[in-house]
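To keep things simple, chains are lettered A, B, C and D as they appear, and every chain counts its residues starting from 1.
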Amino acid sequence: MIAAVAPRRLRLDRQRVVGGFFVVGGFLLVFAVAPALTTESKRFLFGIGPDAPSWTFVPSTATLWIGGALVLLGAAAVGWRGRIVQAGLVVAGVLSVLMILVAALALSSNRSTNLAPLFVQSLRLGSPIALGALAGLWSERSGVVNIGIEGMMLAGAGIGFVAYALMNGGAGGVPLYLAVLVAVVAGGLFAALHAFLSITLRTDQIVSGVAVNLLAIGLTSFLRSQILVPLNADSATTLPELSIPILSDLPVVGGVFTAKPIFFFTFFAFAVAAFVLVRTRWGLRVRAVGENPHAAETLGIDVIRVRYGAVILGGCIAGLAGAQFSLETVGSFDDLMTNGTGFIALAALIFGKWRPGPVLAGAMFFGFARALGVRIQLLGVEIAGFPLPSQFLQAVPYVVTIVVLAGAIGRAVPPAAIGKPYRRSR
Amino acid sequence: MNGLPAALRRGLAPVVVPVLAVLTALAVAAVAVVVAGSSPIVAYGALFEGAFGTPARIATTIGRATPFIGTALAMAFAYKAGLFNIGAEGQILAGALLAAWVGTWSFLQDWSAWLLLPIVLGAGIVGGFVWGIVPGILKAKTGAHEVITTIMLNFVMTLLAVWLVNSLDPIILRDTAVSVARTRPLPDAARLPELVAGTKLHWGIFLMLGLVAATAWVLDRTPFGFEVRAVGTNADAATYAGMSVARITILVMAISGAMAGLAGAGHVSGADGHLSPGVFVNVGFDAIAIALLARANPYGIVPAALLWGALLSGAPLMQQRAGMSTDLVRIIEAAILVFIAGDVMIRRLFRLPEREEAPV
Amino acid sequence: MTQGGHHVLEVDGVTKTFPGVVANRAVSFDLAEGEVHCLLGENGAGKTTLMNIVYGLYRPDEGTIRVRGREVEFSSSADAIAHGIGMVHQHFQLVPTLTVLENVVLGAERVRRGVLELGPARRTLDELMDRYGLPVDPDALVGDLSVGVRQRVELLKALYRDADVLILDEPTAVLTPGEVDEFLGTVRELVDLGKSVVFITHKLREVAQVADRITVLRGGEVVGRTTPAETSEAELAALMVGREVSFAVERTEAHPGEIALEVVDLVVDDDRGHRAVDGCSFAVRAGEIFGIAGVEGNGQRELVEAIAGMRPVVAGEVRVAGRSVVGLDPRRIADLGVGHIPEDRTRHGLIGPFSVADNLVLNRYHEAPYARGLVRDRSAVRRHAEELVETFDIRTPGVDVPVAQLSGGNQQKVVVARELSRPLAVLLVAQPTRGLDVGSIEFIHRRLVEMRDRGTAVLLVSAELDEVLGLADTVGVLYRGRIVASMAAEEADRHRIGLLMATGSEAA
Amino acid sequence: SGGTTETTAGGATETTAGGATETTAGGDTFITGKFVEACEEAKGKVQVPEDFNIGLVTDIGKINDGTFNEGVYKGFAAAAECFGLESRYIETASEADYVTNLNSILDGDPEVVVTVGFLLATDTLEFAKANPDVTFIGVDQFHPEYPDNYVGVLAADDQGGCMVGGFAGALTESNVIGVVAGVEAVPPVVRFANAFKHCAEQVNPDVDVKIVYHESFTDVTGGAATAEQMLGEGADVIFGAGGPTGSSGIKTAAAKGAWVIGVDTDEYYTTFEGGAIEGADRLATSAIKDVGLGVFQQIAALLSGEFQSGIYTLTAANGGMDYAPFHEAPVPEEAAKVLEEYRAGLADGSISTGVDPITGQPLEG
């Protein structure tokens, strides 16, 4: 029936645009890039040591193959539709990433590069983004926009570390875990402020988020100079690294299973979130108040309480994400140390369309984009004798965000009640 | 307040509420001053004196506020169309960058100010326009949310500017005559004249005030302004009424960017005479706060920006006298925003009439 | 449950004011066990408000409520539910992104340590569906369901909570005549099974069919208590509006001219990309009213929006005066002399915070005399507004007040005034009198007939079958996105149309 | 005047009402380490005029930001304490405030103004010209010419980088070394990194030095992840040259058993908390640059009438660039020898760092 409707003209929909992009890119790879690349063989390693798995390839040949595949997959997307074609586009996306790695190594003086840590570090860098996004997920699924994630993370990082320094000067042990708890509570308190402003006072939710951010910036740096500096709290013991037995000894992927607690918790938190959202009473209520608060109210649900709960839970998670900076990674606190991660998290949230699985994947994709930028710098890639400026590589995650948001994801439909202050009927 | 007739009280509220919010915020932040072991009277006295103590200080305050007016206006204008332009930081930099570059083109160097100034300022407008239209197009054509794209474009522009101005190999915009990484100086003819010598107050302030008036006029008096407000208030009804939401979205983002870009060019041309890529750090977030403080009202932006300028330019003296760092200013700013945003609190606290819904 | 003759619900002297309106004034009302008590009243009479108070959504300013003789004070609907009160709301209170089962259990979830136990809930639901004859797929997303099925879900929600007092607020407004009969049967069955029902409606025919007792509200006050046996429809109507009402629209015979609007094999998708209009064809002549009857959700909204240029046309043709308008934007179409009174006035027709005057030029603000070059002429806009307020009898404190401050009927008049104040070749009208009182309805109906008589082709879409039958010269029935039958008004009878609306064909 | 600090006989600092100088708690003194000796030495020579007061304007950041500003501030505060001077400071929040801050600091009629960082170079120059009675000490500020009241205190970061670079070249066994660097737009970072690479290659031609810059000095997750990627590429020595970003990198790498090298201060005491942090025994050394000492010396010189305008550079020769002790690290003798060789060679000029001392760009050839 669908095919019977003859299109008036060839409509340039998203699939065709993306497909066309791959066709053009593929041809460029085949005719312009491949001949320029070296025919000397290079190697991807997946681990350290002589018996690590590896893949040896000739960059120019590999590029020909990848380019050819992109042309075919792209052309299919321009000409046909359907699931297989869409899967083809995903494959093309993966091949493009592979192509970047091939080109990076080809343009470097290095003979080989180890991809295992690239993926492990993608997850590491993705983890705080993911936690931040999860914070936003709870808040926004309940209908409250949260642009204050960054501030809640910063509060967690700063206040958590202050507590740690005050408790025993950063020497680890039980106080360290208590400090993580303080970070969680601090994030929760900032979220409570956001909740109070936006839910109770019905302030514009974006305004309230901006206020939370500003307050966190001011307060944490104030606390740092009032407390941390006099204490001389420069550096502290961080959360210990844990290894998951057996899994951590696996080849290639083993590295992922030796990491610190909050990192592991990220994945656990997502699994729990997916479960809670779908399978529990509270999750059901959160989804309901985010879509149609009035309907929930008619069923006797206290919309305001559910929203408070969701926003504060989100804040706690953001606080934990903050602890990941100060208490898990580095063992110190510096002004503004979350570096905009909260905003990237917001992007990941939209990326994943407010659903736990895709949000996690989106966050990890950002992590990958960052790790990739580092890897290209590491390899000392030069194009026509000029090294790639570090700023270009640092911009990779941002550009990728824009491209993916505009190109591949499509219009993300947020929870219907999001951003609208709710007034209880009375 | 309670003695006044209700109508008068309601009429005064838009002025009184922000003033009370600011005062309450100062009172709250005084707690931090005391905690830090200093005296609020000394601290705030120094803050005030630092901002307004001498004519030169007043000039500095106004000069500091000048770029805020343009960027906050950019934010407010987009807000009127229901768009959240977080990208003022990138856009002001884009404008400043293009202005700083065009102004140093060698064949322009002997031109008169009558020609050169418009060219340089126009370049700023173009730069901001381009950096604003991109998220506009993305929003209109693909639905990519402007909050995310503008934040990303801020990061991208910051890095781009750092590279263009810093790069030594190759040298792109960098002035090699000085050790600081900045662009080559603009010729005198490309400079907006100073208003008060030795301060950074320049003719750009009039440019910005003109922009405020023009924006208010456009929003209020022109069919285009009507469209902008209609799209911002009820996009469905605007579509129904024959307005193109996509076109207006693109246009508004572009114009919004252009406003920020003009502010950037004004700063380069008036205050510094060159561009140092870090000079606009934080301007974007300040702009948001200022625009929100002014409830996106173009005229309200002027006092709000002056307040921000005063806090920032008074801060150094406060640090000298009372040892309170700019953290305190950030805390004050956040508290102001909280009380303005949650003005219900202020209204209840001071028993003012409640506000009707929908501020914009 | 043997309190025979006892009142399960008593409302005593309830008063409720909203800013500017007294919605209920000293209202007393009671519900006996096992009866259907109809609450009757025109729009804005305060019926919903009263029931919202009973259901714990609003708190009364004064007065008391007793449930089974015990005085209660509800702080939220949870308390009402706990007292066995269930309510099916006038506007569906469903979460479209949740499944039927999730919607039903929401707020009354069975859990073990916080985890939903959907298994037992599903069994209960199956049982309820069986017992009351209300079949629904428990795993369907509510957003995908038709209006009639959503109505069933609403009822199931109340039943799932073991409500024995059921408040049904205008439950039949969105049903086809056939569905209405079925639904009224269900209501009788519920009563037979021991439930007590408050039934709110303005449809007098239904009252006669189900009511045991009747209470009439007007302007927030009780103006009559009666039973079907003691009264007539005409009497009830007079009671409701406070004066004699004529049901028929006065109009003369139509003089159809050339085809002004032609729709050929039109295909349009809805917001979620599902086919909504699917091969729809019809033609409207100048000087006639073409009425489209149909159950809501059969593509009416998409059809009108596509013709007006607000929604992309997937395939097919729309011609105005012989000229294709497919792909034109709403403004270009409006410029061809097409007026549009949209279905949802607050979403599409008006910009709430804008003034009455601005709303009256919402689609012509850019033309002379309202704009001269780059500048708007606001005094011209005001003059225009004052004129229309006068001619269309718009009750407003002034032309500068935000249109949102007007009552629903007057808001609708603003839309109507705007659209009818210029010469039109074609007028698209969707649900023009929804939520309006009788007086406003009469006024608007008269205006539509006037337009027709001046030679405008009027396309009327309405969920009120009576409205369509009363106004249209030609009636078309829209079913699943296509016109399944069209006939001259004289040939259209309620039964035949009802069957077509429900099944798409006349063979039952 | 409200808010100044006066030194009492005992050398402890008291803060007067609304005190400007936040001395560290419990009467701590700034005269520690090298300053003890420097103060002793200078005290004999100087004469402190009445009402002599000194001011400082930081680059963006605080006096206790743990990096550059803090280093300068410590020298500044030590001088104030040692000579009993009134002192004030202003922390810059934005580049847009440099001029305001300079104006504000001049408000207190200081005899000496210290400004921190290359970004303040041009504004400081203008103020120096406009205020001939005030002496300006500009840290990391290079000009071809200086007025008589202006000294640029520069650090030969390239020498520091080169010193530990040569050392790293000798230390590595895998021949892969990583530099977790801060922001590329900040010249000292580039000077450190590029000279490090050059000298590592001089010592060990087979070595592959991987430099990764970051977007910020506080990108701690980034610094840690970069270090781990470097270890994955086989690096066994990591040089952290970029504030908390770099420190995070070396802390991570040290915990994984790689050799690490710190920067600016002896990171054994800061990042590794005097050995309390895991991996402290892997901290081979730190490239120390003592800008604070430079500032102290300039103030002392002014008070003793030995002040000279122009450039004052901290170098290996004058002890301004040095390396830290090995502490717990079992540094191979071989490598230790190279390190000392390089220090000495740089000090006597026999070894070149291979980079431009201002821009840090590699020299041709």
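By our rule, contacts are C-beta pairs under 8 Å (C-beta built on N, C-alpha and C of every residue); 3 or more make two chains touch, one makes a residue touch a chain.
These numbers come from a predicted model, not from an experiment.
Chains that touch both subunit A and subunit C are the following: B. The greater number of contacting C-beta pairs, out of the two interfaces A-D and B-D, is seen for A-D.
Centre-to-centre, using mean CA coordinates, subunit B is 35 Å away from subunit D. The centroid of the Cα atoms in subunit B and the matching centroid in subunit C are 47 Å apart.
For the pair subunit A and subunit B, the distance between C-alpha centroids works out to 30 Å.
Looking at subunit B, residues 159, 162, 169, 325, 329 sit in touch with two or more other chains. Within subunit D, contacts with two or more other chains are made by residues 22, 62, 184, 215.
Multi-chain contact residues of subunit C (touching two or more other chains) are absent. Of all possible chain pairs, the ones that touch are A-B, A-C, A-D, B-C, B-D.
Listed in rising order, the residues of subunit D touching subunit B in the complex are 2-3, 15, 17-22, 60, 62, 88-91, 93-97, 99-101, 103-105, 107-108, 118-119, 121-122, 141-143, 184-185, 187, 215, 358-359, 361. Residues of subunit C touching subunit B in their complex: 308, 310, 329-332, 334, 340, 342, 347-354, 358, 362-363, 365-366, 371, 374-376, 378. Listed in rising order, the residues of subunit A touching subunit B in the complex are 14, 147, 193, 196-197, 201-204, 206-208, 210-215, 217-219, 221-222, 225-226, 340, 343, 346-347, 350, 386, 389, 391-392, 394-395, 398-399, 401-402, 405-407, 409-412. Residues 48, 110, 113-114, 116-118, 120-121, 124-125, 128, 170-171, 221, 224-225, 229-232, 234-238, 241, 324-325, 329-332, 334-337, 339, 341, 370-371, 374-375, 377-380, 389-391, 394 of subunit A are the ones touching subunit D in the complex. Looking at the complex, you find that subunit C touches subunit A at residues 52, 55-59, 76-81, 87, 89, 92-98, 102, 105-109, 111, 114-116, 157, 267, 314-315.
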